[in-house]
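Residue numbering begins at 1 within each chain, and the chains themselves are lettered A, B, C, D, E and F in the order written.
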Amino acid sequence: MYTDLSEAQLRDHRGVVTDPGDFDDFWAGTLAEARAAGWPVRVEPVSTGLTSIDVFDVTFAGFAGHPVRAWLRMPRGAGAALPTLVQYVGYGGGRGHPLENLLWASAGFAHLQMDTRGQGSGWSRGVTGDPGVAGPEVPGVMTRGIADRHTYYYRRLITDAVRAVDAARTLPMVDPTRVAVFGQSQGGALALAAGALAPGVRAVVALVPFLCDIPRSVVVTDARPFREIRDYLAIHRDAEDQVLTTLAYVDGVNFARRCQRPARYSVALMDDIVPPSGVYAAVNAHAGPTELAVWRYNGHEAGGIDDDEAALRFLRGHLVDD
Amino acid sequence: MYTDLSEAQLRDHRGVVTDPGDFDDFWAGTLAEARAAGWPVRVEPVSTGLTSIDVFDVTFAGFAGHPVRAWLRMPRGAGAALPTLVQYVGYGGGRGHPLENLLWASAGFAHLQMDTRGQGSGWSRGVTGDPGVAGPEVPGVMTRGIADRHTYYYRRLITDAVRAVDAARTLPMVDPTRVAVFGQSQGGALALAAGALAPGVRAVVALVPFLCDIPRSVVVTDARPFREIRDYLAIHRDAEDQVLTTLAYVDGVNFARRCQRPARYSVALMDDIVPPSGVYAAVNAHAGPTELAVWRYNGHEAGGIDDDEAALRFLRGHLVDD
Amino acid sequence: MYTDLSEAQLRDHRGVVTDPGDFDDFWAGTLAEARAAGWPVRVEPVSTGLTSIDVFDVTFAGFAGHPVRAWLRMPRGAGAALPTLVQYVGYGGGRGHPLENLLWASAGFAHLQMDTRGQGSGWSRGVTGDPGVAGPEVPGVMTRGIADRHTYYYRRLITDAVRAVDAARTLPMVDPTRVAVFGQSQGGALALAAGALAPGVRAVVALVPFLCDIPRSVVVTDARPFREIRDYLAIHRDAEDQVLTTLAYVDGVNFARRCQRPARYSVALMDDIVPPSGVYAAVNAHAGPTELAVWRYNGHEAGGIDDDEAALRFLRGHLVDD
Amino acid sequence: MYTDLSEAQLRDHRGVVTDPGDFDDFWAGTLAEARAAGWPVRVEPVSTGLTSIDVFDVTFAGFAGHPVRAWLRMPRGAGAALPTLVQYVGYGGGRGHPLENLLWASAGFAHLQMDTRGQGSGWSRGVTGDPGVAGPEVPGVMTRGIADRHTYYYRRLITDAVRAVDAARTLPMVDPTRVAVFGQSQGGALALAAGALAPGVRAVVALVPFLCDIPRSVVVTDARPFREIRDYLAIHRDAEDQVLTTLAYVDGVNFARRCQRPARYSVALMDDIVPPSGVYAAVNAHAGPTELAVWRYNGHEAGGIDDDEAALRFLRGHLVDD
Amino acid sequence: MYTDLSEAQLRDHRGVVTDPGDFDDFWAGTLAEARAAGWPVRVEPVSTGLTSIDVFDVTFAGFAGHPVRAWLRMPRGAGAALPTLVQYVGYGGGRGHPLENLLWASAGFAHLQMDTRGQGSGWSRGVTGDPGVAGPEVPGVMTRGIADRHTYYYRRLITDAVRAVDAARTLPMVDPTRVAVFGQSQGGALALAAGALAPGVRAVVALVPFLCDIPRSVVVTDARPFREIRDYLAIHRDAEDQVLTTLAYVDGVNFARRCQRPARYSVALMDDIVPPSGVYAAVNAHAGPTELAVWRYNGHEAGGIDDDEAALRFLRGHLVDD
Amino acid sequence: MYTDLSEAQLRDHRGVVTDPGDFDDFWAGTLAEARAAGWPVRVEPVSTGLTSIDVFDVTFAGFAGHPVRAWLRMPRGAGAALPTLVQYVGYGGGRGHPLENLLWASAGFAHLQMDTRGQGSGWSRGVTGDPGVAGPEVPGVMTRGIADRHTYYYRRLITDAVRAVDAARTLPMVDPTRVAVFGQSQGGALALAAGALAPGVRAVVALVPFLCDIPRSVVVTDARPFREIRDYLAIHRDAEDQVLTTLAYVDGVNFARRCQRPARYSVALMDDIVPPSGVYAAVNAHAGPTELAVWRYNGHEAGGIDDDEAALRFLRGHLVDD
């Protein structure tokens, strides 16, 4: 069943999240620090038995120079630097297995799939740790360090996402003028953030992006991971202001407001994990041109392979045909 | 938690299903009829935008000559007839989308993925109907036509599976001496059946195969799809003998007894959909040599991509290096 | 809790389903074909041990002349042709056991209870198969053949329902001028359809009728069987138009618009299986006079035996006292 | 799935409940008191509109002379005193509606259906209160007054059940030499008790009887109503001895040991409400001859109408043909 | 997620419950009868091993003079009569264990915690029975005797609550001019009732009070214990008027209208057991001054220890500092 | 229902966990490092409004000298150094609120309740962070740093537990010769560890202790938190040996083997969170004298306040009367 406002109401929906006055300064400072702690990307070939795709194990400098892992998949025998897709993954997962997720390289792109720090044990495997933990937390990362925007988990993860673009653009097999970011759910939220913050991004695909209009999303769904925030506030009853302040700095609506790049979104009207109103709030705030795929009968899986197929078309249009 | 006998008990476990005296006659007659109703395979290229894989839409003659669909995925520019994998899919799904499931062709195989008649609406899409329905049924196909082995749904589907091998071996891009069958869950059950019944199969991969030792499986799990049989018998209380008789003709243990080809199985000790005892019963009955991967902490997802990686190695050993 | 609009909003609610221009032609053609394939009703006495009721096993020609079964229960020793009730049953069930459902014959009516093709294994037993399957489907019959209104399951079942009235009126123990139709849930939907399409129906009882205002119902409940349609569209994402077009031809609101006969409805405000808004849409569209029982604290069981008692009174008024 | 021991183990299973030394004295004293407080049965005709069955609203003196209600249904126009069935109902329900439950009178029996004190609000309606409450309790009646066998709810209800037989045998339309008792679940437990305690009972039908071998049943199922006892003991942690002592006086196994009359039982191997081991313990303890129907694929609904059909045959054999 | 109206709507929300014309007469008569049946409070010291708190086992005369138990906890060595808190407990529980709930006496108050008749087996232990049962009921006490306001369970329990205040004020260690009542959920409802009905109450704390605006609450939540009323009406379909009439006499909104004492309430916007609209209806109807704590991210646990801390401050203000 | 072996089997049950050869060295080294990083305890009075108990906010040096918080509650006006209880809390919680948990100080003990690093957001509040995170993890702390025993979360938490005893014994209000440790679930596991590792502990209370015989516990329950380990191994399929090796160093059975102090345990036979077999394995391995309370009808709440009451008696025996 529909899980949020009616489709007509959603079309004009704007979120309730505030836009902090020092948002841009916060992120400029954060990224400057991360870049100051950077070091050169490491790339190692992986033996997979695949005959049409080459896979590389990539390590790059993320937040505070922490090592972050990724897979780079390339069509075998690509002669020149390729148009490149940087992918972020959904909550709980990691970069997975080299043999998974072959679509993007099979379609002719260089494909960098970033691991997610401190997750990677839910629905796909990861290897990257999260050294920055502070304070009490609800199981999961949604409330890790949430008492202050400087210690918050997503400050670190979003920085990783931006630095993944930086890293990709230094690789010889990547055409640094033709890079796009994409992801689903948490991956979509990171793509929005990277689209707003990372230099050199040409296009963004954010499928059912998570972390949008968080103050409303937290009170209109009971499902995890938004539920983690509710659970935290149910125990830390005096922390509401502090927590909502921190969250404003990672809200997808605030990144959308600053994202000049063309973006393709999707939304699912029966999604009970990422309430549709948050996605519409981001779409309606987006600074650049947008496309939106509306899936009326889907939950959080949204368009699935149909979203991917349309994303391929959109990305080819912006990176290859453009 | 563990869902069945202890690992030590499982190792020697043999099932309780009986082996009907006319089992071989039944299947010989069924396949002879199906072949008599056959017609030439149809193959149409599909436009996908992929640069390293070609996809074809295949239609072949299944049970009673009913048209059955499949995808054929090929590494682009394969010069010669290739070693070939015929894949069957799990309960509820269909052949899916051309852009899905690129692993096997990316690894250098021709890959024929058969659609499942009358399913294809659960977790992946299908287009093939099942024209042979008869009698009352529980939602799902487990009890469709179950009152008689001649009208039973799985008689038709297993025949499709055998005929898919027949069809593949007539194609110019397929090396008919190097064909293997594989699948997971229902797909694993069909692979066992095709491994026993289809001429020209060199190896079998049956991951957490469904439909094994059905009389026990039905009373040791409450989960669908085995549950459908229980639900039927809970209403049709006088049909137990009739139903168990029908089911003996499609039980994976009976196919394993007749399968001379080498087979790789997997089993998951926390699987509540396919009870591990059924898998062990099949492995312990298998006529040819077997390998078994035991996943102690997994449910029905079993080894997932790790099962696939090992399957690739096993299949390469039997089809390429052999 | 209330599962739909407030009671005040419901009172004026009209559905969103469209009324196809060729609706009447479609059904006229369908029924003409079915009658052309007809053959005489078969009636066999059943030995039950009951002392006050006689039961007969009836077989009549349904859609495409397919054999459809029913029970006919009669007060023992009825001297003359009786006022007659034709009953249709709810989703998943069948005509059940001869010893069940003795109320209507104990109240002095001839009572023909039609079996439901291809169901009859959920909460009561059936024996009638559904030979017309086509295309992929979700477990259950809601999406069977849904790609085209000609192949759709409910085209066949509604035709059976109309033909059951035709069949009853040919029997010597039935007074063909005093026939009513009734049912609950799916049975209520069939009663509405038969009330609109079958000649000779004097009155209709549709208790919490299913299949009304389907486009809205599908998006306001998660429960089966409406859920089957949502699940189909969640996978067959491009089929929305096709599916909604098919469904308009079986929507109870469109039958209500054409039903001139007096009808008694019931609705339950806590029903999460048949959303109350669909029932109100049908009541408010009904062409003939209507009564509506509103059950404020019930779910889909609605008025239960109280609905039956009131139905008896209503039916006696229209068939006996009238 | 099977919910208890294997079928082979069940066949020889004996329960763990103890047989208190003063069991017979306890019940003899209880019944003597109840009879001393008795008064004549009241019988009022009910207007139902049924043409083949007459229904009467009966009030008789139960425990401590408390008024207990029942329906008496009779085939219309019975010339002589009839063989009679006294029925007790399952947990939570009451005697229901006069128009329900017409099978037994339609089959030629006088049929007295006793209401259950203080229940009658779950799945069928009742009107009889339970004036004897004492002490703290878990919602439901399982722990009402359980601290002492004299205040325990089931002391009162079982007395009602015996007094219902007494009452029936005083009615002119009842042949006092041909009375049987029957029921399902709680009703089966009451039938066993009445079969052991009430003079003049010729046969007993106990379908999936509840309250058998309670000490084991409470620790092998989590389902209500046995769960109520567990919940009570989880809070009243020092009450185990007291509670188990009380329960021994109402345990079906202890009544079975004393029941000389022929009995038909049923058991369901997938029953998670009444564990099968309790039923087997009662059957194996039964003093008189027994029949047992084993339903392998059913839960607590057990044989349903098939159990009823067989019960009719059994009861006709003992009350009519004998 | 939020479970009821938006916070803005709640602020002005008034309930739908009616205020019976004879409400005051009903309660005046009820209490007069109870007082007529009264007898002197009994107080027995309990040996607990505590060094700073003395505990007494109190028995007082409740409804109809029935004995009702309570714990009285006192700071050890209190020289003079103390300001006193009378506490009522939530649904299902009892007065618990002497070693529990030490906060209030540790803060310097005399603390009388009343047991709840016929409950005391759910989440804490009780010992008090409910001798007044009548009529059929749903498991639990919500529908016990609900057919008539004179036999209704809550008439008895509310009378107990008022009589607990009467009893406390007769004790030598209690300062009868400084008594407050408090409780959570059902305990909050009893506190509101005692605040309106009991002479000598100085202040009221009602945390997420249950039983407010019952006609609406019953239709906007599915959770127990409100669910018991719905379940009763779902079976006793003709009893709606009777039941709603009875409930108006115990509705917290009607007590709030009559409560002149200052009150502190709390409400939780994610409460699905006590819908927030009922609490706001009571707050907005309250005759005396009110404070309301709004917990945005909590369910029925509401403010927990934070509610207690604020309650201590409020009670100290009214009983000690005032 | 019973969740594990029968009570008779449990009585002799020994676990399957191995005892690593360098277990003692590992912990000796770990504690030496922690003590080397230590600094003096900080103690600040807290204003609570309580009249009989003083509360202090304590900060001490835990693992690696990380600051760990605790509450110290003291009977007001204690003249001399007191017998002291160090308490550890259950999974997910923290030290809670100063006004909670007043039993132990009310009974005359000094009571130090340690906060749990990186938890404190589930059922009670905490403030202590966990700075040592490494590697991918499942939400929760069970798999944090599990790839190596040196980085594992419980190495840090157990060190905190030992250091809490060290810290307590330096305080002037604590009699360092009369210190005991206690806790429930995770708190019980920490108590066992501290009982084995911390100098100066006189007695141990471990109520339904968690983390005992982990290799078996993980495969006999599906419930969290053991489930986190299963979920990790279900994704990190190659990590079984590594993970089980790490876990052996924190297994309660290995601490019990080394604990010479008298210990009181409790176990609940219906516990599905901490399987009873693990508790019995620890009891049966315990080096010192033991008492065991067996709760037959409880889940993980076990004896609740009854366990506490008995613990008080046991602790008074060992710390006061001894």
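By our rule, a residue touches a chain if its C-beta (ideal position, glycine included) is under 8 Å from a C-beta of that chain, and two chains touch if they have at least 3 such contacts.
Since this is a predicted model, take the numbers as computed values, not measurements.
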Labels of chains that are neighbours to chain B and to chain C: A, D
Number of steps on the shortest touching-chain route linking chain C and chain E: 1
Superposition rotation for chain A onto chain C, Cα-based, multiple of 5°: 120
Distance between chain centroids, defined by C-alpha means - chain B, chain F (Å): 50
Distance from the mean Cα position of chain F to that of chain E, given in whole angstrom: 37
Junction residues of chain E - those touching two or more other chains: 306
Chain-to-chain touches, reported pairwise for every pair that qualifies: A-B, A-C, A-E, A-F, B-C, B-D, B-F, C-D, C-E, D-E, D-F, E-F
Chain D-touching residues of chain F, taken from the complex the two chains share: 1-2, 269-270, 295-299, 301, 303-304, 306
In the complex with chain B, residue positions of chain F that touch it: 218-222, 230, 233-234, 237-238, 240
Chain F residues within the chain E interface of the complex: 49-53, 75-76, 96-97, 99-100, 102-103, 105-108, 305-306, 308-309, 312-313, 316
Chain A contact footprint on chain F (complex, rising order): 92, 94, 118-141, 143, 145, 231-232, 235-236
